[in-house]
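Below are structures written as structure tokens.
Heads up, the next two complexes both have chain A, just with different partners, chain B and then chain C.
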Partner chain A sequence: MIQLKDVTFGYTKIAPVFKDLNLELAGGHIYGLLGKNGVGKTTLMKIIAGLRFANSGTAEIFGEPSYKRSPAMLQDLYFVGEEMYAPALTIRQYVDTFAPFYPNFSREQMDAYLEQFELTGCTQRISAMSHGQKKKVIISFALATNVKVLLMDEPTNGLDIPSKSMFRKVMAMAADQERLFILSTHQVRDLHSLIDSIILLDGGEILLAEPNEVITDKLLFKVVDSTEGMTNLLYAEDTLRGIYTVSENVNHEECKLDIELLFNAAISNKKKIKELFSNY
Partner chain B sequence: MEKQFSIDRMMLLARSIFVQNKSKDLRLALVIAGVMAVIGLLRSITGTYHILFGAEVIVWMVMAGTTYKMMSNQPRAMAYLTMPASTAEKAVVTIAYLNIYYFVLLAASSFIGYYLGQILHNAIVILPFFRDFASSPEGHTFSLSSVEFSSGNPSKLLYNMMWVSILLFGSIYFKKYAILKTLLTACIFGFAIFILDIIVIACVGSAFDLSSMNHLNFPDIPEWIENVTYYAVPCVFTLFFWFMTYLRLRETEA
Partner chain C sequence: MDFGTDKAIYLQITDYICEQILNGRWKAGERVVSVRELATALEVNPNTVMRSYNELADRNIIVNKRGIGFFVSSDAPELIRTEQRAAFIHDELPRLFKKMRLLNISLEEITNHYQSTENQ
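On to the complex of A and B.
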């Protein structure tokens, strides 16, 4: 569905954000796009959406270059930015104005999502709403478009605690085998239960882009009392509950993925992580 | 092959621009009508055409600026660029919107305002107290022909369209202070042409005379060519800047 081939991009020629980036993403997944601040998560999503043009290489979506921004491509793609455009329209006016652009838009779904977010019957103009409310409206609209590719930049930023769980609920409602979601986030705990694949960006390259089950097959996430005698240890974090560790899963033990630990382990052991996942 | 032009999509685009701007447009129309009412009222002491022309230019500038204001606001630019329509459709709709919708809006609000001003003027003139110092040559009758508007003159309309196309291109080309930068660029360009004119005149041997700048006679050139050039120049420039707007929009990133 999405294919990046040798993509190099930089805001200046001296310091490229990405160099020869390769990535292939398929439908039916909710990808978590992770990386430190300024690593280029938003830029990568913009390249996929055709809002930024690669200096070299190609970014394709549905088999055509994304920079062309063709109507057919845009009808099946929606980008929810961290900062959203909120016009001085009511929700109803917004839907009446923009929904006709999306052939698969469902008003029933929109109403259902708004109900989940407790925004049913809201007659306030979107521009006058709080940041969190604006976000809920735009997310509801984005999901109701039923586009095949949905890109969300920090979707839970600005949402209160109940809204975060509602967000997970509506995302789960909207996910299916046809659709591809990419969620860029720093709030990994908010989206832990939702994400089924991880894309990890660092230093202008992709350290890891794998489904959760592949990651847990290769890496073992365990809480131990002591790391003494542990072989293949990649990362350890001392907490009140014990020592959280990430090590090579030599015996293919079953374990639960901890995204935050994975992130820290990958950043501190780039070479090893790349080595481990190079066969996939 | 996918269609680059779909009437349905263009109608949707036009509708979305209208819906998002209607309150602002209404306010603008009211301001224009108000200004024109004052002009209508004071017509006896002002030059109608020049004020109307000035009002037109200001409105075109405001419109060109606001139409592509979205490009300087990143979330809005992103929303606009990812709207499911081709770049050609977006460019055509914006050009049509600027040259048809805003033209009609400007003309209608100016006309209504001016008409109301005239009515008010005539009403005042009837009053004995004002008669002495509020009179005008045609104060008691309202005449349509007294409203000299660019629509009545094809060449003025073409030159207006050319300016709108330049402003539109400038509004999308420059991200910040677009109108100011466009006008500045146009002034520099105009000044360069002026200097070039002087050089040409100096080269052909005639003594430099400012009065000759507006009355250069080239006896060998037939009059019809001069006339065609007079109309062709704005047409060519307008089409050129429309095309440049399309190309620039295609390359715009957000």
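On to the complex of A and C.
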């Protein structure tokens, strides 16, 4: 559904953010886009959405260059940025104004999502709402558009604790085999049960982009008492509960993906990670 | 649900479902809640729940009736008990024995404790 080929992009000519980036993403997945601050997560989403243009290489969405921003493409694409456009309209007025751009928009779903977020019957103008409330309105709207590609930049930022749980519920309700979600996040603990594939960005390149089960098939995440005698160890972290380790999953043991550990292991061991997931 | 342990989330969900079947909340022969419903309730990716359902179907604990959905198979409780008995003997007993040896606890001592709780 999304394909980037040899994408190079920089805000200045001297320091490119990305160099020869290649990425292919399919529907039916919730991708977690991870990377350190300033690594270009938002920029990557903007390139996919056609809001930034690659210096070289191509970014395609539904098989057409995203920079063209054709109406057909825009009907099936929504980008929830960290800063949201919040006009002085009530939720109802907002829906009346912007829903017509999305032929598959469902008012029923919008109401169901608003109900989950406890915003039913809210007549306040969006501009006067708190940051968290604005976010809930925009997320509800974005999901109700039923677009095929939905990009969300730090969706749980600004949400209070119960709202984070509601966000996960609403996402689980909305996910289906036709849709592709990309969530950029630092709040890995908020979203680890939702994300089924990981895109890891570092130093202008993609370290890995794989479904969780491919990652846990190649990497073993395990808490041990001692790392003595452990072969193929990639990363270890001492904690009160024991030593958290990431090693090569030579025997294909079942394990649970720990996204934070994966992140640390990948950043400190780039070469090995790229070797293991070398199809990129 | 808190997915805090080291076990893969889809396996934690299969454990959860087995528990529901053993304690009778999900009854043999009854229809299993839809993937989306359970995903929403547990706040997980629907693909993960689908993986759990496929895993349980492979173990014959639930059956897929084409076009209608998944159902708890009639011998599900017995199947789960057999599985868990094997897991207890294979995984938990060795751990218990190891600890008993470490702390010098004899089998007689354990037997006495076992019998005293049985009488309660």
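In the analysis below, the second predicted complex is superposed on the first by the 278 of 280 C-alpha atoms of A that agree within 3 Å, B and C clash if a C-alpha of one lies under 4 Å from a C-alpha of the other, contacts with A are read in each partner's own complex, and residues count from 1 in each chain.
Just so we're on the same page, a contact is a pair of C-beta atoms (placed from the backbone, for glycine too) under 8 Å apart; a residue touches a chain by one contact, two chains touch by 3 or more.
Given the structure is predicted, the values throughout are model-derived calculations rather than measurements.
Student: Once the structures are superposed on A, label A:87 by its partner contacts, choosing first (chain B), second (chain C), both or neither.
Tutor: In the superposition, A:87 contacts chain B only.
Student: Looking at A:168 after the superposition, I want to know if it touches chain B, chain C, both of them or none. Which is it: first, second, both, neither?
Tutor: second
Student: Quick check for you: in the superposed arrangement, does A:97 touch first (chain B), second (chain C), both or neither?
Tutor: first
Student: Tell me which partner A:219 touches in the superposition: chain B (first), chain C (second), both or neither.
Tutor: neither
Student: A:183 in the overlay: touching chain B, chain C, both, or neither? Say first, second, both or neither.
Tutor: In the superposed model, A:183 contacts neither chain B nor chain C.
Student: According to the stated criteria, A:194 is in contact with first (chain B), second (chain C), both, or neither; which is it?
Tutor: So A:194 only meets chain C here.
Student: Would you check which partner chain A:2 touches, where first means chain B only, second means chain C only, and both and neither mean what they say?
Tutor: Touch partners of A:2: none, neither chain B nor chain C.
Student: With touch defined as at the start, can you tell me which chain A residues reach chain B in the complex?
Tutor: The touching residues are 46, 49-53, 69-72, 74-75, 77-79, 81, 83-85, 87-89, 93, 96-98, 100-102.
Student: Touching residues of chain B toward chain A in the complex: what are they?
Tutor: Listed in rising order, the residues are 2-3, 6, 9, 12, 15-16, 19-20, 23, 73-76, 78-79, 81-87, 89, 251, 253-254.
Student: Contact residues on chain C for chain A in the complex?
Tutor: Spelled out, the residues of chain C in touch with chain A are 3, 5-9, 11, 36, 39-48, 51.
Student: Spell out the part of chain A that touches chain C in their complex, as residue ranges.
Tutor: It is residues 28-30, 165, 168-169, 172-173, 175-176, 192-196, 213, 216, 221-223, 254-257 of chain A that touch chain C.
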